[in-house]
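Labels run A, B, C and D following the written order; every chain starts at residue 1.
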Amino acid sequence: MTSTGRKLMIVAGGLAVVVVAAALYITQWLSYIQPEQAPAVTVSSSGQKQANLELATLGSIGFTSHATWVAYLVRQGGRWVHSTNWVLPAHALVHVTILQYDTQTGLRNPFLSQVRGTVGSVEYVDGHAVHYMDPTLPAHTFSIPELGVNVPLYGIPNATYPGTFGNPHNTHETITFSFRTGGKGLLHWQCFVPCAAGFLFGNGGPMQTVGYMDGYIHVV
Amino acid sequence: MSQTATLGGRSQAASFSPRRLFLSQNLLTATIIGIVTGLIGYWLGAQLETTDNGDAGILLGYLVGSVGFLVGLGFANELIPRLLGRPVSVEVKADAVELEAPSPRNWTRYFGISLDHKVVGIQFGVGVVFLFFVAGFQAMMIRTELLHPKGGPWPAGQYTALVGLHGLLMMFVATLVIVATFGNYFVPLMIGAKRMAFPRLEALAFWLVPLAAIILYSSIFQGSGGGFPTGWTGYAPLAVEARAGMDGYIVGFSFIGIAATIAGINLLTTIFTMRAPGMSWSRLPIFVWAMVAVEFLSVLAPPVLATTLALVGLDRSVQSSFFLPSNGGSAFLYQEMFWFFGHPEVYIFVIPAFGIALEILPVFARKPLFGYRLAVAGMVGVAMMSWFVWNHHIFESGIAPGLRPFFMTATEFISIPTGVVFLNLLGTIWRAKIQFKLPMLFVAAFFFNFLIGGLTGVFLSDVPLDVTLHGGFFVVGHFHYTIVGGEIFSLYAATYYWFPKLTGKMLNERLGKLHFWTAFIFFNTTFLPFFAVGYLGQPRRVPVYLPSLQALNVWISVNAFLFGFSNLIWLVNIIYSWAFVKERAPLNPWNSRSLEWQLPTPIPADNFQRIPTIVAGPYEYGNPTALPVAEFTPGTAPVPAS
Amino acid sequence: MSTRRHLIVPGLVWAVLSIAADLTLTHLNLPPGYATTTAAGQSVTGQVFSMISATVGIAVVVFAVYFLVVFRGRPGDAGDGPPVRGDVRLQSGWLVLSTVIVLFAAAYGSIELEGQVTPQLVVPASQYHSAATRHPLIVQVIGQQWQWTYRYPQYGGFESPVIRIPANRLVQFDVTSLDVIHGWWAYTLGIKVNAEPGVNNVGYVYALKPSRFIVECSSLCGLWHGYMRNTGAQDGEVLSQSAFASWVKGAQRYYGPEDKYLPKFALVYYPSPTTY
Amino acid sequence: MISQSPTGSSSRLQPGGLAHSPEEIARIPLVGTWLLVGANFFLLVPFFYAFFLLQSSNDNHAFKPHGVHPPSLAIGTIALALVLGSIALTSISVPRLRAQTTLSSFVASGWVGILLLVGAVVAQIWQLSHLGFGIVDGGFASVFVALSVFYTIEVGVLALWLISLTNRAGYESRHPIAVMDPQRSSVESPTPITALATSYLIFSCFLAAAGAISWVVLYFL
């Protein structure tokens, strides 16, 4: 390898590779910093702060690089946003509405099929009060371990899998409950149902990736 | 040099097959072929895929692509002649570039296969130091995250990926930076050999490293939340459950293991078979002895890792059940096998550091090494005992209770051969005439840091204390003191000591002093508090910690940034002195007796025209009757009058 | 400039410094504190080892620094030092000394270890043969991604997301995991036991007084490893015997409805066949 | 503990040459092969470690679930016997390599040995394709498949090595290779075929032992 041409080629190639690699590298790490979504906050007459959080759980999100993964969506200004990092007011009563589209999977630890940490330790599935359910029935849970909140989400018995938007056949339930946020701070929430099809114990992939079955709650 | 000697010598040091498998074989074509074959491998794997997360495809793609890259680089050129039984090594004609004496002008040979151990040494040095700075950049990101007790810019998953990549990449660096760089470059010169025993294996060992690094880093691009979630230890079953980035970990880490193994086979064979006449075991430079001790570890230990990771790959791709208790596997299995490799591995990091420190110490103390044989015995003893302590990494994992006292005692006994280096230090500087040149400063710093690292290790070896300290920042502080404070500081010393022989230039004294003081001070201000936060219960690999510990963590982070900055001074010094300083360094600036310093700079491709005869030990300082270390027959390298 | 002087001066400095350091260390209260017998044992062990390392470390540093300063080459003197290659008595003495220190550390550690893992030695002497020691309170710790749950088999096997244990009673933790390897670490209780799937790891604690303690995960277990802990509102608590009894009653009432769904108490739980 | 007096006269010593002497060159492959054997030993250790640890812990009683039995012992034995036979054949012919005249006879036995090794590989592949259980069926199945595949690959590599060795013997029988005098010429002598053959023998004996052990472990324990 003596010819000047080849030397130049190597230099150019090397430089290009280094620059591209560095750019990819930085942007990749920056891309992990995800935005937060703030729900509508209303202050009721009693002065008690209240917030509404509208969520949807899909059997497969249908877009992004992981179209087959289960995911939570949050409704912002009337449209569904693919984000699991939310801002909630401190010391507020949060009313959560979840449109549950996914099918029954069942819990790894049956103990988590009890509704805990919500106002009255109750959730309303299509209006029916539920305190606990058979551990084989939930599709997901909505859990904030730091607050002791644990809400199993009843799975659709006989839906056309995968339950996604824009699929006229599949049904969904509307699950509502309320919980109180504590002081300011950063909480995490997650799902405890091993719902990640295709991963060992159903616990990899979306269960271990912020933006699908896990997220942050920034209490301000 | 006479013509025949020149040709002959070079045809040994630098020969390579004239038969190219195809038209042009350089980095570019190799990369293209690697990518193409990688895609083919991915397609093949996708055919035998049984899960829907594509691990078989990814693993096979990595492996086939790597083979393609190496073939494209020319590693397969000799397979056919060898299979046909041609005696390759005399048949081949030397490459035109290699025929010229090494000079900065024909640097392109650093980008291909070179059979010259000096070229490979430089390749290793530059490549590994590059990785060192990438991983160091990640350390800075980690400390940024830890500025706040609730975590910084990166969410939990990415923080774990950061820590894992930092840890594993630093493992690559620590495994190779001294052994592969200075071992490959200087061992043949120190024992009076014209070449390495297996020059092609040596080149292969180097080219596995960029492959490993690229494969490892490709993991951060695999899907949202890239990287691997397990940290550098890669515990199964989490590793079986993890996302696709884990495959990069498996392949990359095994490649480094294989590289260390074949580099070790090469170095050991060279030392055992190719010593110059008169280079008896008792005249072997202590650095070469360190290489002997460490290479036995790095030949025998990494294969265990390679197999273990292969089994994890099987669990991930074809659902075998080595590590899944519910399917008849066991979660112990991985821990046992990993640490059976893992503990010898950490001595692979540290023994070369002993070698460097004890090699440099006598030159600047102007005295023979005190207790040479004890030092040798110490290093060999550490290497042997390191096989019997691995369970101290899993005291809390539920190993048989009866085993714990045994492994605690074994671990504490390893501090006896380790402590010998401090006797060597004290004895060597006793009544010495110490010259505080830069290498000596860093050697002194090495001994201080390693003392702290060693003493804190005794804390961790004690099971009751380990219950409190294990998995916390105390452990992190301990191994940063031994690896960074020990090995990396001896790397600094080695660069300042051997740079004139490597490049023919001296490193800048003022920048060097600045680097020394910043590095020494900020290293200690960074890592001493680690023991405090560890004792106060901050777990490692966790972006959130108790708010009461924020002050200490902020202090650590600030000092960590300053320590990172002082490494940049080192880098600047190297680049500046190498590329821009015109003035040539003296042949033997430290007035050392060791054999490599008796050679001209740049060192001819075949090292010695005629293999020298060793007539004296390398550390005979202050001995009026000592002969020069070697007799060079007439017409060879000039011996500077000392 | 006698040899003796070069040994006495640093020797004196070392004596003064190390005595000062050791005295300071004896007055230091090292973590994890004295909430349980095992934690107390670890604090004392930490003190002992700090004193040993301080004495040894100060010796090496003082002598090395003194030699480096005193035996530095004078400017302009390019000569060499005396060709001393070794000294049999010094080297064997060094080996003997380090062996003695190591043997002491090993013996001390082994004895201390026995006191931390054998139930009869975890409890105070007065309790050796009490019934409570022969039948300790069993708490099963179940790790799962990413939460600790606790079962109390002696109280109908109810499960709870928070942990309460009584003071002045031997508690036996049976630690296991449902998925990957976790590390159950109650820092101030002085106990850390890995939770491994398919394995039942046992640890003992004897709490000396009521207190609050945090629980963290010490073995990397995935995305929320750092959040897999009982802190703040979820703190663990050591209660007095009576308070513990009443807590158990309340817990049985609150978590009772779940009991019929829970699997029968076992030392390990295997998940349903892996779902790929 | 005074280290040996460093100032010895060099008169006894054979002065170094312009190249490394044929004796040194001949020792290189031997030492290298011993180290290779060491590395391969530790490549194999985890398989056996896994077998015994999984068998003893037998988590979830799933080490050898019902319906999982070792596959055909006959085929396994045949595969092992072929490997042993080939190695025995080579080990007989290698010591007779010293004289140039026996090179051609070595070639003949070499090709037979290669055929035996290839036969062993074929037998193993047949075995792996008629297991009667899948790699997913518990710990034993995993260890069996992984170890057999790994060992088969090693045997294949051994066959390639033997091909190269046999061809080398044939090549030398046609054009003998001159041995250089390191004192005069700086061109190194080629590695003598006896050294190459001996190192092949060392490694193949190691593989034979490994094969026998894994045969016992996989089929009888």
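Definition applied: a residue touches a chain if its C-beta (ideal position, glycine included) is under 8 Å from a C-beta of that chain, and two chains touch if they have at least 3 such contacts.
Values in this document were obtained by computation on a predicted structure and should not be read as measured data.
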B-C or A-B - the one linked by more C-beta pairs in contact:
B-C
Centre to centre, by mean C-alpha position, how many angstrom separate chain A and chain B?
42
Counting only Cα atoms for the centres, state how far chain B is from chain C in Å.
33
When the C-alpha atoms of chain C and chain D are each averaged to a single point, how far apart are the two points in Å?
48
Taking the mean of the C-alpha atoms as each chain's centre, how many Å separate chain B from chain D?
29
Pull out every residue in chain C that's touching 2 or more other chains.
85-87, 91, 179, 198, 222-224, 227, 270-271, 274, 276
Which positions in chain D touch two or more other chains at once?
1, 3, 57, 59-60
If I count partner chains per residue in chain B, which residues reach a count of at least 2?
51, 151, 156-157, 229, 237, 241-242, 319, 324-327, 330, 332, 371-374, 544, 620, 623
Inter-chain touches occur between A-B, A-C, B-C, B-D, C-D
Within their complex, chain B touches chain C through residues 50-51, 151, 156-157, 159-160, 229-231, 233, 235, 237-238, 241-242, 319, 324-327, 330-332, 335, 365-374, 394, 396-398, 401, 404-405, 408-409, 412-413, 415-416, 419-420, 422-423, 425-427, 429-436, 444, 447-448, 451-452, 455-456, 458-459, 461-465, 467-468, 470-472, 535-537, 539, 541-544, 546, 591, 620-623
In the complex formed with chain D, which residues of chain B make contact?
4-5, 7-9, 11-12, 82-87, 89-90, 192-195, 197-198, 261, 264-265, 268-269, 272-274, 276-278, 280, 282-283, 299-301, 303-304, 306-308, 310-311, 314-315, 318-322, 325-330, 332-333, 336-337, 371-374, 606, 608-617, 619-620, 623, 625-627, 631, 633
Within the complex, chain C is touched by chain D residues 1-3, 57, 59-60
Note: in the complex, chain C contacts chain B through residues 6, 30-32, 38-39, 41-42, 45-46, 49, 52-53, 56-57, 60-61, 63-64, 67-68, 71-74, 77-87, 90-91, 94-95, 98-99, 102, 105-106, 108-110, 112-113, 116-117, 179-181, 183, 185, 187, 190-194, 196-199, 201, 214, 216-227, 231, 268, 270-271, 273-274, 276
Footprint of chain C on chain A - complex, ascending:
106, 108-111, 113-114, 116, 131-132, 134-135, 143, 145-148, 150, 182, 188, 190, 192, 194, 197-203, 207-210, 214
